[in-house]
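There are structures below to look over.
Next come two complexes, and both contain subunit A; in the first it sits with subunit B, in the second with subunit C.
Moving on, here comes the complex of A and B:
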């Protein structure tokens, strides 16, 4: 796999051997260390910008050219209310040619002008400010919980490799991995807040000024849902890597030297699982960007996912465009950071520049 | 225990486990599909027949937000999900395999451009692609959802197909066919594709799992093709607010989607394990 391919494939990791190949990132090569790094970074950044540019075309064409948003917004009123049609068409600049509209929109994106929401008639940037923060908070908390949980499960499973507890854990993980997020979310609501136990609030009650984490109890279920949606993949990949290392010759040698199994696991196996771990965590964090759309809707969480669904329902084109660009940008940036971290954590790749 | 002895016992054990996974997964999948297909024949009431007041206890699972029988809605509601998920999966597999194999076979510059464009669509979570396109649409049609799901699968399938095909295009039998002067399309269809069956079958199982999740999620978010028709995803959406008073109206469709996706996922994993052993 080259670094560029690391960009994609949110769920390609179902079969462990696909993602855990060592050296998943093409390292910087060349005689002069700093220059090689600069070149690698420039190439990788260029690729990210190119991807985002193509994504912007995709978003714009899908929202503005495939259908008639004004007709969709007004429904039956379309024929009756000419003034409103003209107002909305004016907001969308529908009289201009498509290319012109795209260029204006792209220019606005680059200068921070995201347009005017069709439903709220307020600038999009005003509307999305707090929801972006709320979603970042949710994803961050989920990641902080998810990473130790999935590494812990993977180590436990690898410790009992191919024996009963391992098989049971793997089967449970496989079952969880197939479940859609909203199914997990609703089952958790039924279990922990409405039907079986009445422990936690089922929805987030949002106040216009505060953040959802002002009521930590309401954060538990959304975070738990996201963790359950993402951890199975990470745990399976990390376990596969751990097993590969535990079966290797140098671990056998370490054992023969009399190093206790726990130390072998920590020092030899776990450290080698970090790079594939980073790759799969990055893929899953990027995948969370899609998962939040559904999970936020389940819990009425005031983030960009919920906002996106509402905007699509209201056919609010500028808002949808801005939110989908944000989600795509998160995806691209997370992958970029993951590639960088992978190189920094792989001695072979790190030193390849000075060889 | 020596290393060889251990690996012999573990491989026998894992073969058993994985075959069992395949058997269990396929059984669950077939049962749910049967339920979705013959369900309408078994339903005690009509799809839109009002059998009592809203959220009352009439019938096995009670009634839903309009007073329709939940069990009957459940039996009617699988067909559309199954249809869209299967058609979307087939479309995604065909498109993705074509793109992946052509990229691998053409190689060089073509491969680079195709896979780079592929990366762009991968920057979009599948549900997001569907939502973006539904923005400008008033009432989605069934074929639209099928195309959306197929198109969002295609780049992901293409990556896998390209990987599998890359291992084939440099093999002797492909070179032999080229040396014999076969047309390119014929080399792809007759030599490369038939040798990709097993890994692609596993991928198809995985894609089916995601398709079911996607269709159900779109229904859950309120984007279903026909609001009157029963649909497991949409049933959840309709009755969500009553989850504490009438839990079965929500839990019955949620559980059946859960069972279905667990079944298809186990099946896909079983096929993948079998095909891995078949390789080399």
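Moving on, here comes the complex of A and C:
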């Protein structure tokens, strides 16, 4: 049972008969319910904005504390090329006090102006736009594959629990969970593109006009690597929850009533095991959206992880700040959505809000 | 005066170091290798897998920063002259460039019928515009750093529709060296970086920094019109991914192949191109500071080095012997000076006579010099032990920080150059990167007379005298020059080697993909 989910298993187990009988729990109705939901959402959104604001202070202070980026960028040219020094200092507004610079930056952030890259001397939004879309695309495709696969494996495993198929699945999952993503990636490349079979492209060759998925075959290996990297966690959490639910009294009762095992699994057990699944999926997706640098390197995938590493190495402060804020925003949004879904799937929490 | 040429190349080398640091992972891959090459690519496109590249990438003809930038420069733009595959001057946009007897006025005859990618003919005005951009006294670009202080813009002018003169304030007999650099591309007077045009074999189509760029065959090219229809240059931040792409048939050429991946590429049917280069990673001793202010100590240190072992271990055997002299491709290179070899006994006795027995020194190194430097430093420590010298290796991060040029004993990196331009930046008092603080009046006199000498034989003799001084008293330990190694897929023909730049100076117009 995941600790990420505040609602304990015991609570859910007391709820089942209402959960599997739709309509038994009154969904929020009427003005009062709607208002309650709006209030709840407003509160959560407020908290999200507050979180992002705190992150923005942290990001700004941390990047400002790294020292003089102009000196780092120009290196030995610093003393000799005053024109470049002035140009870069101008971009950074280095003559203003820190607080003023922060407020300017925050203002720009809110109006969609992410500043100018110190190394590329182009607007940051222009430089990172396609990388952000590429990473989100990769994460989305991976999620679409990963969610049904993890749940399917978990159900299969729970169905055969403590018998041989279950043991085999668990061993494979543990093995995969123990392998770092880049090892999985390198092995897949060697197996499917370079050494054993020549079935799939090994890396992403970016087409300047489009996105990596313009060549769907080139997406297969990165997506497969991410699915293999993330599914074991999700599948194991869901399996554990499923087993707990399957052992509970109400499932026993359902079986005694003569409901077929498949229906018990789908309607009685799965719906109650879904919430911890959502939470762990959210955590994993946020982790992926943060940029999977090693996977991006192995497949030369043009995403934000690689760009962030480049930007840090190059002391490109505006680029680092923008990417950090985007990654933080993805974390916050994904978690917010996960919480919302968790509540919708948990009748007690649902009624607690609307009543 | 700053030398951005060497600075940008130094950054390149740093990039090279970064990719080389991914060696651990690549070895794992190499272990998995062992079947035949990848499938071919579609007809008329060649995709070049370039080492490095980031948001710093630029299409600027005169200030390339990363390795993909160099590849783009070489295919989009062309200088008046060009270094050929043997590092000799060859005509490009100029049919001839002749100096006056005093080496102060140079007459440039332009090739006729050369057009930019937008169809406009190349005129003397375009050349003057390019020279002014490169040698802008306020912000000289890499090829202009040496030219900016000596060029006389008042005397530099158009003569007729195909001729111009370049006037200098002081004699400079090797101006053609500067004009032949790939960073001296000729661009039209209405040049726009957003729609860049040059005279090269490929014209601009698209460019995304840190990712990819595409170029189309220029059908009206004055030289060998490209055989492929399209050239794509794809950035790779990871050597591992770069070689995988080559083996999967997704890219056709790869520059700067890490030495440890040579067998992996060969094993899969790829072609490995290897050639000598003039790039060196010296040990630098400050001649104005103890203990190296005593020439006997410097000579002892030079005798301590086992040069072949350095090449075998630090360069995986891919190198040629150095003799404490740079510019090995220069006609003036002092070949007749005896090859210095390890002689521990003589080193000991020199140290003894200098009163420096049991010498202890700190050797400064850093990863940003390149992956060769730290391993060479560690090896030097071992070799010095035999002569009773205790070397303590200190790794600085960054090496090129505030202490650079102040280290008493350190390392550095230099790319291929001829003697006069190299000495000007590293061995004269005015040199921007004179790490050894070498300051010898006789040497400076020889260099300055050589700069004014238009007769090749006489100039070479002056330069050989100068090299003798460095051989006897200099502060460099130059143990070897690395070899350039690139890789090409099995289905590619027409890509040869060049001592100047990787992949035959990136001349993709001669390449075919089957």
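Heads up, the rule we're going with is that the second predicted complex is superposed on the first by the 315 of 355 C-alpha atoms of A that agree within 3 Å, B and C clash if a C-alpha of one lies under 4 Å from a C-alpha of the other, contacts with A are read in each partner's own complex, and residues count from 1 in each chain.
In this section, contacts are C-beta pairs under 8 Å (C-beta built on N, C-alpha and C of every residue); 3 or more make two chains touch, one makes a residue touch a chain.
If you're wondering where the values come from, they're calculated on a predicted model, not measured in any experiment.
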Quick one: subunit B and subunit C on subunit A, clash or fit? clash
Counting touched residues of subunit A, say whether subunit B or subunit C comes out ahead. B
Is A:201 touching anything from subunit B or subunit C once the two structures are fitted on A? First, second, both or neither. second
Contact-wise, after the overlay, does A:324 reach subunit B, subunit C, both or neither (first, second, both, neither)? first
With the two structures laid over each other on chain A, which partner does A:130 touch: subunit B (first), subunit C (second), both, or neither? second
Which superposed partner A:289 touches (first subunit B, second subunit C, both, neither): first
Which of subunit B and subunit C A:171 touches, first, second, both or neither: first
Name the contact category of A:306: first (subunit B only), second (subunit C only), both, or neither. second
For A:297 in the superposed arrangement: first (subunit B), second (subunit C), both or neither? both
Let me test your reading of the model: by the given contact rule, A:69 touches which partner, first (subunit B), second (subunit C), both or neither? first
Using the touch definition from the top, say if A:119 reaches subunit B (first), subunit C (second), both or neither. second
Those residues of subunit A which subunit B touches in one complex and subunit C touches in the other: 75, 182-183, 186-187, 189-190, 194-195, 202, 297, 311, 313, 316
Within the complex, subunit B is touched by subunit A residues 4-5, 7-12, 14-15, 17-18, 50-52, 54-55, 58-59, 62-64, 66-69, 71-72, 75, 162, 167, 171, 174-175, 177-183, 186-187, 189-190, 194-195, 202, 286-287, 289-291, 293-294, 297, 308-309, 311-313, 315-317, 320, 324, 327-328, 331-332
Which stretch or stretches of subunit B touch subunit A in the complex? 10, 13-14, 17, 21, 115-129, 131-138, 155-156, 159-160, 163, 202, 206, 209-210, 212-214, 216-217, 220-223, 236, 240, 243-244, 247, 250-251, 254-255, 257-258, 261-262, 264-266, 268-269, 272, 276
In the complex, subunit A touches subunit C at residues 75-77, 80-81, 83-84, 117, 119-120, 122, 127, 130, 182-183, 186-187, 189-190, 193-196, 198, 200-203, 205-209, 297-300, 302, 306-307, 310-311, 313-314, 316, 319
Within their complex, subunit C touches subunit A through residues 1-2, 4, 7, 22, 25, 28-29, 32-35, 38-39, 47, 54-57, 138-139, 205-214, 232, 234, 236-238, 240-242, 244-245, 247-251, 268, 398, 400-401, 404, 432
